[in-house]
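Both complexes below contain chain A, partnered by chain B and then by chain C.
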Partner chain A sequence: MGLRLARRESPVRGGQVLAFAVGLLAALVVGAALLAMSGHAPIEVYRSMFDAALGSPRGWSATLTRAVPLGLAGLAVAIAGSMGLWNIGAEGQIIAGAIGGAWVARLAPDLAGPALIPLMLLAAVAGGAALALGPAIARARLGVNEIITTLMLNEVAIRIVRYLVNGPWKDPDGNNFPVAPVLPEQSGLPTLFERSNIGVVIAAVVVIGVGWYAARSTWGYELRIAGSSERAAEYVGISLKAKLFSVLVVSGAIAGLAGGIELTGSSTRLVEGVANGYGFAGIIVAALALMRPSGVAAVAIAFGAVQIGGESIQTQGVPSAISNLLQALILFGALAAAVWVNYRVVRTGRSVEGGAGSAAAAGAGA
Partner chain B sequence: MLAVELVDIWKRFPGVVANAGATLGVRSGSVHAVLGENGAGKSTLMNVLAGVYQPDEGSVVLNGEPQRFASPADAIACGVGMVHQEFRLIPTFTVTENVVLGAAPTRLDRGSLRAQVGELAERFGLLTDPGRPVWQLSMGERQRVEILKALWRDASVLILDEPTAVLTPGEAVELGRVTRAMADDGRSVIFISHKLDEVTAFCDEATVMRGGATVAASLPVGELDASRLAELMVGQATAVSQRRQRAAQVDGEQSPALVVRDLRVRDVHGRAVVDDVSLDVRPGEIVGIAGVAGNGQRPLADAIAGLSPAEHGQVVVADADLSTASPAARSAAGLSYVPEDRLGVGLAPRLDAVENAVMRSYRRFARRRIVDRAASRAHTEGLIDRYRVKVARMDAPLAGLSGGNLQRLLVGRELDEKPTVVVAAQPTRGLDVQGVAAIQQILLDQSAAGVAVLLISEDLDELLALSDRLLVMHGGAVVASFDPDDADRTAIGAAMAGAVSTEGVS
Partner chain C sequence: MSTETVLGLLVSVIEFATLLYLAALGETIAEKSGVLNLGVEGMMAFGGMAAFWAGVETGNPWLALVVGAGSAMAFSMIHGVVAVVLGADQVVSGLALTILGLGLAAFLGESLIVEAPRARFDTLDLGPLADIPWIGETLFSMSAVSWLALFAGVVTWFVFTRTHAGLKLRAVGENAAAADAVGTSVTRVRLMAVGIGGAFAGASGAYLTLALAPGWTEGTTAGRGWIAVALVIFGAWQPGRVLLGSVLFGGLIALEPRLQTFGVEISPILVSMLPYLLTILAMVLLSIRSRNRPSAAPAAIGRPFRREER
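Then we have the complex of A and B:
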């Protein structure tokens, strides 16, 4: 006997929210066992996780600030995903965005903040889009798989930023650390509340606005047609090449904006680790949002809270291993729940020779 | 002992009871017909037998032994193979690779596998070239590959789900021989159909289904009364497509609404699959195109619709030269196209009913590029109502609808754009009696309203009943033209087989 997944004929109605809650609960129960085994009081740990992430304005500030790069990266992935494309390069595009922003600050360090900040963010958008340009052209013109190209360009972006902060852009007063000089003071994003800056507002507008636009506009609708069937898209007169190209560039631009906001908001200078894994986390965010741009905002905040909560308990003597495990468990729970919304588990009978292959073939054809 | 016994099978889907106590008994070594309209539950019942669905109630018994199939693999292991309506083949793989996929020996010896597949094919008269990639094959050839797949897995029970829907008359006769060869080999063949003449020609027994239940089980074909059978199937007076009244309003002097001149299309190998085709369709006229599958009908339709580029030639709709126009521009100029592939080209399977229904018209429902949801939903409800599409949920992926409903939605969507020219490729293939009649009536209504209709079909009866003029394609060219009123079937058949040279074709 074995188990396999079969796609549901239609997703469970309202199942996403329920599934998310059940997944979270299951993760907390397993996590409690782990905590208890390692000598911690699960309830207290959970309470302090919650307090740190959502229990105070300060907690909300930390959570929302974290949700900014997660949400933008998640949106970047989900936008491409709604056409059936995988942008695995958000990490590199975030770096490219940060480089673009930092470059503007180097060129015009004396510009007033209200001029400098928008320019830096624009350069960040352009940087992210520029890194996605190659994969976009290759995919639209030659049909080169965008998963490979975007993934490989992450490495390129990391090498470039490493070169810059170790070479031409290295801060002479940086005690030989591989960092770029501190940005001009007026380039910092204005504070919103507590430690949050207006990057939260910018990201919220972009994530919610683009999410809404993707759901309601002809552009988003055409993306979904093309994602469902390329032949159908051609048949109703949608230019596939233009769509492939534009969606990947837009995806890169959104990820680039995340890099710009990280640079001007949370960071004071360009460092190698500016992307901090947000680009990859964005893939998880998009997956949890079932590749629907309109679902990204909520998932990003929840994911941000889990990260902030998980990091906070490390200061209370919970080993980072346990903290990371807890975060991973919650993600697993939520991902399993997201799968459940679209798939049901089917028991398979005795295994037969070649059975797995034929079942997979039948499943793929269905 | 019966090879297959399905006893009191119940299967429910959200909002639909697909099988309500269906039964079936099949003798080994026989060809058994399962008759019924679309939505009668035939496909569901067969999917239960093939392990695709698990029944809510009821039992599956093979050779006296009760079985529980959790997957198609289980069913295959017990010797039940199914050829689905929508083929499950990998286009880039060769015939041999598709046949042995998932059931190949550990050590692959391509040469000997190919020989084995060729041998198997020959034994049952399934003519194919084992080395050819599947994407090059016609629908009829692909079906043979599907049958070979089942035989390769040594299926003793073979389910053919509306197999003749994709076949030409000649190919259907060929399939009849193949099923007989399989039955003579001791296998049981279950033949799903709603064409009575096929049932009487190919089958030994027939079971009739209606509304998810069996209304008549294992009737001996020799004692069949066709009208009684049809009554059992439909449950009401039969809708037999009548020879249509010759459209009086077709005026020979009127300038044609669709003009195709010297159209040539080459496939990836440089073969001219449409070879200098010229034809005219006047307003109010239905021009039928007959031909054996794979003789250029599909690329011709695609080229007229603008989906595949023509090497040279002209397409003119209502005096507007659209030879190089995009598919969308052609549609906007009044050319509607009902493509052969409903799901995948005509409709997007993962999108819902509303999103599919507005695929032609969404730009109209958008203000500043934002789609008006209420308007597009109202439009969809109108289409569903006018063309009698049965949709359980407006927001569920379309893939769950039956063939007939899909086609009604597609045809409705295309004709709702008030076209001047309609190109319909295989519009009634795979539909039930009522579905066929509904689609045919829609086409007749269109032509009565002055629309020029180019009807591509592999059903000669349909073409003879509907067309004002009948063209025959062979080898990519139009080789003959007939007046359906005094057409000689033998002559048409000869033309389809390529036995006539081009004569005064209009």
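Then we have the complex of A and C:
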């Protein structure tokens, strides 16, 4: 007698939302245990996290601002994911985008804001796309696994920005800190409300626009065909190489934009930590959203709230690592719960299963 | 350039190679079974934090090493359950394991930052061998952990190529359905491979916090876990080649702080990019060379196995 997972004929409706809720709940429970173990009152901590992130217009503005890089990184991962590709390099592409933006500000510091900001954002898009270019060519032309190449370039990008802010771009008036000079004042994105800037609007437009285009255009349609079956794609005359190349470059460009908005919106200068783990978190965001742009926006806001809440409780002596912990736990909880969306547990007896030992060896036995 | 400078460099190369080889060997074992685990960086941090804690508590480095390896092994079972048993995506699960491991280590290790290291490894006493010029002062004075790593590499090579267990492991990693058909439990083999991989990553983290850079701080793993992931590919999933790669990349890391002493005017930060760039280069060259030949990667890597969907 054993347990076995059998695929459902159709996934449970609204199952992913439920899976996310289960993941969130599981994360909160485990997080509470960890907090209690280290001598903090979990309910109190959670309450002040919630208040800081979602309890006031000011909190909401911080949460939405944080949702911008998370959402754009998530979209970048999701768009590649819709073709079955993994862009693990969003973290590096965010950095490349920020470097691109900062470079424009160095070259033309006296340009008026309405000209400078769009140029910086364009350079950011180009920077992110440029970092994705190598993996895109290698994947399309030679079939080199994009997971590893994009992953490796994260570490390269981190070192490029470290080199710049410690060397050629180091601020001479920065008290020897590894930072680039303060950006020109007019390069800051205009404020929307409280602490959020129009980056929120830009990100929303991009997420909706790209989501719409991917859902409605021939390009997006062909992406999904290529994602579900390479053979089918080639049969109907879709150029797989062109698709692989374009989707990875577009993915990098979107992540680069996140870096540009971080630079012009939330930061006053280029620093080493500009990407702050948003690229990695974006992978979790995209996975939880099942690679759908609409879901990406919702999960990004939820993660933004967790991060802002986690940062706010540092003053109470709770390590801010709690927010990263919670995000990973949400994912694991949801991944486990999502199995239930597509599978149901059935009991198996050896007599039904047949061959000796086969039930015990069932691949997905619980 | 004095003899001492060169000797110092060689000792440092061995130390970093040990760190990298332990983690990369573990990842090689996991990937051979068809499971990509991108959680190496997180397992290293978690194991390193646990080992340092045990070292402070007991003062015994070997016990601390076992605690580090054991706790990282237990921690790796999250990936085992989610990615192997439940069949969720290995890339996502592994990355989340890294985020969780770094987060847990930072959270639980908060109070360890102020602690002074107590447990240190001794070098093996090899008697007259240690008196041989050059080799005696480097290879024959290296930490017992380095010998252990080398020994583990030989054992792994032997198991992979000469034993029935190794054949099973490779079969599961190449063609899970076929292995299943001949009665091998794919899930059990993969869980064991992931667990061993976790233990090795934990041992690597323990070596870091007990010997290489004694102490615990958030971020002490500094991306070394990603180099380990790179090394598996760079070494084409072969324990011997992975060792050569570990010495090469360990050498690059050891060179970084010494470049100026050697009169090289390149920023050490730029040199620190080399392991990652070399890995990409190796991947590109390999794919050009082996266009019409099967790739060295385990064929089933990244693919969850579910019996009814084979």
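Going forward, the second predicted complex is superposed on the first by the 294 of 366 C-alpha atoms of A that agree within 3 Å, B and C clash if a C-alpha of one lies under 4 Å from a C-alpha of the other, contacts with A are read in each partner's own complex, and residues count from 1 in each chain.
One rule holds for everything that comes next: a contact is a pair of C-beta atoms (placed from the backbone, for glycine too) under 8 Å apart; a residue touches a chain by one contact, two chains touch by 3 or more.
Because the structure is a prediction, the values reported are computed rather than measured.
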| item | value |
| --- | --- |
| Which of chain B and chain C A:143 touches, first, second, both or neither | second |
| Chain B versus chain C as contact partner of A:263, first or second or both or neither | neither |
| Most chain A residues touched (candidates chain B, chain C) | C |
| Partner chain(s) touched by A:225 [first = chain B, second = chain C, both, neither] | first |
| Chain B versus chain C as contact partner of A:131, first or second or both or neither | neither |
| Doubly contacted residues of chain A, that is, touched by chain B and again by chain C | 357, 360-362, 364-366 |
| Chain B-facing residues of chain A, complex | 4, 9-10, 213, 216-219, 221, 224-225, 227-229, 231-238, 346-350, 352-362, 364-366 |
| Contact footprint of chain C on chain A as seen in their complex | 5-7, 34, 38, 86, 88, 134, 138, 142-145, 147-149, 151-156, 158-160, 162-163, 166-167, 277, 280-281, 283-284, 287, 319, 321-322, 324-325, 327-329, 331-332, 335-336, 338-339, 357, 360-366 |
| Touching residues on chain B, where the partner in the complex is chain A | 13-14, 52, 68-74, 76-77, 84, 86, 88-89, 101-104, 153, 305, 307, 326-329, 331, 337, 339, 341, 344-351, 355, 359-360, 362-363, 366, 369-371, 373, 393, 395-397, 399-400 |
| Chain C - residues contacting chain A, complex | 36, 38, 78, 81-82, 85-89, 91-93, 95-100, 102-104, 106-108, 110, 176, 180, 183-188, 218, 223, 226, 229-230, 233, 267, 269-270, 272-273, 276-277, 279-280, 283-284, 287-288, 291, 297, 305-309 |
